[in-house]
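Consider the two complexes below, in which chain A is the common component and chain B and chain C are the respective partners.
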Partner chain A sequence: MNYSYLVKRGIQIIPVVFGILIISFLMIHLAPGDAVFMFIGESGADPEFEAAIRTRLGLDKSLFEQFILYIKGIFSGDLGRSFVLNEDVSKIIFDRAIPTIILMLSSISFGAIFGILIGVYAASKPYSMRDNISMVIALFLYSLPNFWLGQMLIIVFSVNWGLLPVSGMESMILGDKSFLFDRFTHLVLPTITLGSTLAAFVMRFVRSSMIDVLGQDYILTAKSKGLSERKIFFKHALKNALLPVITYIGLRLGYMLSGAVVIESVFGWPGLGLLMLDALFERDYPLIMGLFIVISLSVTIITFIVDILYTYLDPRIRLK
Partner chain B sequence: MDVLKIKNFWKIFKQNKLGVVGLIILLIFVFLAIFAPLLARFPSLTTGAGEAFLNPSFKHLLGTDNLGRDLYSELLFGARITLVVSFIAVITSTVVGVLFGSIAGYYGGIIDSILMRITEIFLVIPPIFLALVLVAIFGANITNMIIVISVLSWPQTARLVRAEILSLKERPYCKAAIATGESDFKIIFSELVPNTMTTIIVNLSLTQATAILIESALSFLGFGDSSMVSWGLMLNNAQEFFRQSWFMVFFPGMSIFLVVLSLNLVGEGLNDVFNPRRKK
Partner chain C sequence: MRNIIGNNSKKLILSVLLTFFVVFIFTIEKVKAAAKHGGALIIGVPGSQKNLNSAIYPKTFSGQLISINLFDGLLRVSKFGDGKLTPMLAKSWNVSSDGKTITLNLRDDVKWHDGKKFTSEDVKFGILNICKPYHPQGKNNYGIIESISTPDPYKAIIKLSKSDATFLTKLDSKWCSMAPKHILENQDIPNSAYNNAPIGTGPFKFVEWKKGSHIIFERNKDYWAKAANGDQLPYLDKLYFKILPNKTSLISSLEAGEIDFIHSYPGYLAGKEIERVNNADNGIKVHSFAYANMAFDFIYMNTNGAHTGNKKVRQALAHLINTNEIIDKVFAGVADNVRNDKQGFISWYTGEVPTQYYPYNLAKAESLLDSAGFKKDGNGNRFKISIIHEQKNSNHPKVLDIMRSNLKAAGIELNVMKMDAAAITEKVHKKMDYDMYITTIATGPDPDLLTKSWHSKNIGKGWNANSSGYSNKKIDALLDNGRGELDPNKRKKMYIEAHQILAEDIPMLPLYGTKWLWTYNENLDGFPIGYTFRDGLETVNWDGKVPNNRK
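Take a look at the complex of A and B:
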């Protein structure tokens, strides 16, 4: 493993991390009105209380000092306290992260598998009927507003046919269903909804990646050695074409999380997205900013890990 | 000359059948949006135009919603908001993106690094999160919605334009312009940027497709301008009434889908015209 690449890539994320922190800091401080009123409401508490809050929040210090305090807090894992839930923001986020992680993992698996299958199928005969139809499917899928897809799936599968639960993550009363089966039935529709957009992008990506690899010299060499088309396609081309998909999915993570906010709202899935929406409606600023920072930093870190993983798997990048 | 160009353009564009279909769908929606007041049977947000949850009929072409509003009329007015908001946002973000992208590409060095880091930040922040936070803090109205969508869209345009400028500035004609002592401003905006126009135009239709999806998602989540009907808002309203009426969900969503699809199709058609090499 080439460590200089790792270090170089690591240094690159520092400005990104600071950028995220600066944006979140500025958003609160550039917001119209005095920040104190965001915390105590416009009703106008007595001046003593207002001053106390001002000191507690550090709003009596200069903007720069406030920023330093803010950064210090974040790096020590202190994201403040939620007004509405009266708990530490970091604890609330930690508790609610698991449903989102479950949803993300299942959607990414669904999207990746479905996307790779169709993409490979399309690339097996470029510009043929099957290729064209596959690409039209991809185009349809990524033009679909996913919250609408979710609503329509609920109407068909839950309301009309009564096959799957309408919303939530678990049933109130399990009955004779097993715990895992119950969770699974709740997960099906959100996964399809969130995974379908990813599938559409993966389809197109895998297809062009496959066609690209199939045009390379070593494929010609394999052909001239007399290997069967099938063997070349699956053993030589597919392996190399699938590698970049890892990075590609990593790059789409931010969009997936965006989708998760919307999908969680459609399906009442009790994850970070729903938490964010509640926090926004309640104007719970510490929680909003905490979520914003945690989500953005997670995407940064996961993208970084995916990138490193990719260089590990593909020696060509490492040697560059 | 220009007539010839347009003729030629159309000749290539019409070969992409899907692109033509997209263009037709798009034009129909634009027509409906422009003539909404004439085509609609009731003014926007008229409650009690009929009974609640009526099925589609001759009087109410697409049925009515929970407050007895005529869905057909609402849909037409919704088209205006959805198309106008996304269009203005896309124009704004394109102007900003081209400006920053061309400057970064032309000057390189520190300016370029700073700009690239900024666009990277926007790549890792999930777009809907940023949009929701901004709209929640600064208020949910049309102007803020346009600003937020522009803020989310400009980095992609900037990166695209920067990449083009990087290769264009190595071309002999640009070197010649530099050698004749033309000002940087003139080189950027009369030599380089016009040559990136084709990329920008293709990007325009694709960005607008994304912009419509963001606008609808925000309205759907309840962070749109609730004083004006948009397709996302109609879907937000429908969320509680799945059991009573499926068409409250079906028609607005179908409209969003068709417009986004048509913009994507037109984008691919334009790509065929401008980048013939990338075609099969």
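Take a look at the complex of A and C:
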């Protein structure tokens, strides 16, 4: 493995995150709306109260001063304190990251497994009926808006059939259900909704990648050596065809996180997406900034890891 | 002899039977009473909460609805807007003839959730050190307090610098919930961890708050209040507030029977949505109660605007909006028309209707616009005007669609602008750089509450303040005097006069009254609660029919 490449690639993360930091800081402060007014709430306040709140939140300083203070805070590991939730931003984000991570992992697993299975099945007989049907499924899944699919699933499975819960991550009263089963039932619909687009893309990706690999010379060699179709298909072709799929899934993570904002709101899933929506509407600057930093950092780090994984899995690739 | 014995034994048998009967009746009553207790309630709450400390104001409606279960006020403004006060932590009170000295006699059987006694020291601390400095309206409400003395643990004497007819209503838990001195005394109140897990004297105790997911309270077994029939309150063992971030999931949860109850948010459910819930056939129904104080959807008119600055234009706009059409199409008939005979924001208090009101009348509107100098051009157009609405309200876009075509008929082009609350605060309430803004307001329990929206001293002072930029010295004087006047009859006359002027000037145009709709499982008993949506759930119970999944 090329370590200097790793270091170089790692250093690139710093300007990316810093750039995101500056842009998002400016954007949220330039957006119309005053955090102090949002803090005070619907019944309004007298000017002295308002001024006191402004000072307490540090919003009486110039934008530049606020930015410098914020950067200083970050370097000492302090993401600040939420204006409205009255807690440290890092603690809030940590608490709310867990549901999002659970939802992401289950959606990725669902999308990847479902997508690979159908993709491989379609590729096994290109341009046949099964291929065409899989094509229709894929088209259907990625042209559906996520939030609409979510609502429909709720109406069918929860409201009409009463099989699965409408929203949230856990039942308020567990009754005789086991803890794990309860969590599982809450996870099903959001997972399908968030994972469906990924499944559609992976389906098409795996199919074309498989067809591509199956046409390669070494497959012909394997055939001429008398290996069974099954062995060629799964051992020689699939393994190689899945390589680009891994990178692809890694790169989709960013999109999936933005999808999670919508899905979490549809299903009342208490994760980062829902938190971000609330924070944006409340103009909770420290919390919004904290979320931007954590999310952009995790996306860049995941992309970085995927890159490394790729060079590791495919020794032919030597990135410089 | 025999007879005597016989008589005696008859008496004995009779008295034994009588005793049995009394015990039997008593036991049945007991069993019946006990049967009402128990069970849990799952309450759907739209949107997220910020803190649970009612005393420093949880900033959102839903936050107040939840936190109010943990706290009590000193007294309560009674139901149905009759302005009567009922005792809470103060069992009686006395106002001196000049209105400047208020003596509160406190209950001596009230305990904080941690077991400590509630005393007059808590009252003094609560009002002066928490509600006054940390409630956003604190200075406005309690600024006239000169001192609070505590001659004994169950008596507090409040001295005011001037009389104020509304002062006692400000001791309702909506404005000042009692918070414990022994916990908060040396704390940095706004940053205290107490705000997320408060200790109060209320009917329920805090158990857990999982942010973005749910909040759990349990029954306060030592609660001081009893029901009218003598039952110990509260009835329910647990309250679960399930946070549902949007209306669609809230309605779906009601349809699926996952939640038992949602509070009344004026105008939150409308038309088809009410039908959906009522048709779900799971015992959950939408109920409407007639509270005297009303919730309005109304339009702020910028009285300094290019067009709306002209009174005739404001009156013309009022004549152009077809409220009947809005009520039929958007609310499926479930809203009150306040534009005809019941027009006005404080008719519920004054009992009188302003002589000037604005039913739909295109011809009259056109002549008003002509006389204001806004004549039609060659293409039949007069001018363009914009209206802002908040993105969270799902009814307003539909209302504005109708309004757009209403105004078009008179040659006015309506430009609809959707904004979030923060942007509206800045543009409408602070900078007042807008033409019109449609929003919601709940009036009552005192007409003085609307002073905020009409008095010129409140121009540009934030939400529901005077964001029309309306300035009228006569109105200012009437509102100031109305607040200080202790004679109810004289006071009412002042508001009737003010009402008349406001109806002519229309800085705010009421459109329709939204209903107080309470959505709950029909097996529940103990409704309606409180005078508005801000009261606790201590009287609510399953009436002995606790469903299995709520045990």
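List of remarks:
Keep this in mind: the second predicted complex is superposed on the first by the 267 of 320 C-alpha atoms of A that agree within 3 Å, B and C clash if a C-alpha of one lies under 4 Å from a C-alpha of the other, contacts with A are read in each partner's own complex, and residues count from 1 in each chain.
Here is the rule we go by: contacts are C-beta pairs under 8 Å (C-beta built on N, C-alpha and C of every residue); 3 or more make two chains touch, one makes a residue touch a chain.
Note that the structure is predicted; figures quoted are calculated from it, not measured.
Touch criterion not met for A:51: it reaches neither chain B nor chain C. In the superposed model, A:303 lies in contact with chain B only, and not with chain C. By the touch criterion stated above, A:227 is placed in contact with neither chain B nor chain C.
In the superposed model, A:167 makes contact with chain C only, not with chain B.
Once the two complexes are laid over each other on the shared chain, residue contacts for A:127 go to chain B alone; chain C is not touched.
Once chain A of one complex is fitted onto chain A of the other, the partner contacts of A:86 are limited to chain C, with no touch recorded for chain B.
When the two complexes are overlaid on their common chain A, residue A:15 makes contact with chain B while staying clear of chain C.
Within the superposed three-chain model, A:243 lies out of touch with both chain B and chain C [touch as defined at top]. In the superposition on chain A, A:71 makes contact with neither chain B nor chain C. For the contact definition in use here, the residues of chain A common to its chain B contact set and its chain C contact set are 31-32, 151, 154-155, 159, 166, 265-266, 277, 281, 283.
Interface of chain A with chain B (complex): residues 12, 15-16, 19-20, 23, 27-28, 31-32, 127, 136, 139-140, 142-145, 147-148, 151-152, 154-155, 159, 166, 251, 254-255, 257-259, 261-262, 265-266, 276-277, 280-281, 283, 288-289, 291-292, 295-296, 299-300, 303. Within the complex, the chain C residues that touch chain A are 40, 42, 47-48, 50-51, 57, 59-61, 136-140, 190-191, 193, 195-196, 210-214, 216, 240, 242-246, 248-249, 252-253, 255-256, 258, 280, 419-427, 429-430, 452, 458, 461-465, 548-551. Listed in rising order, the residues of chain B touching chain A in the complex are 18, 117-118, 120-121, 123-130, 132-134, 136-139, 209, 213, 216-217, 220-223, 235, 238-239, 242-243, 246, 249-250, 252-253, 256-257, 260-261, 264-265, 268, 280. On the chain A side of its complex with chain C, the touching residues are 31-35, 37-50, 56, 81, 84-87, 92, 95-96, 151, 154-155, 158-159, 162, 165-170, 172-173, 175, 264-268, 270-271, 274-275, 277-278, 281-283.
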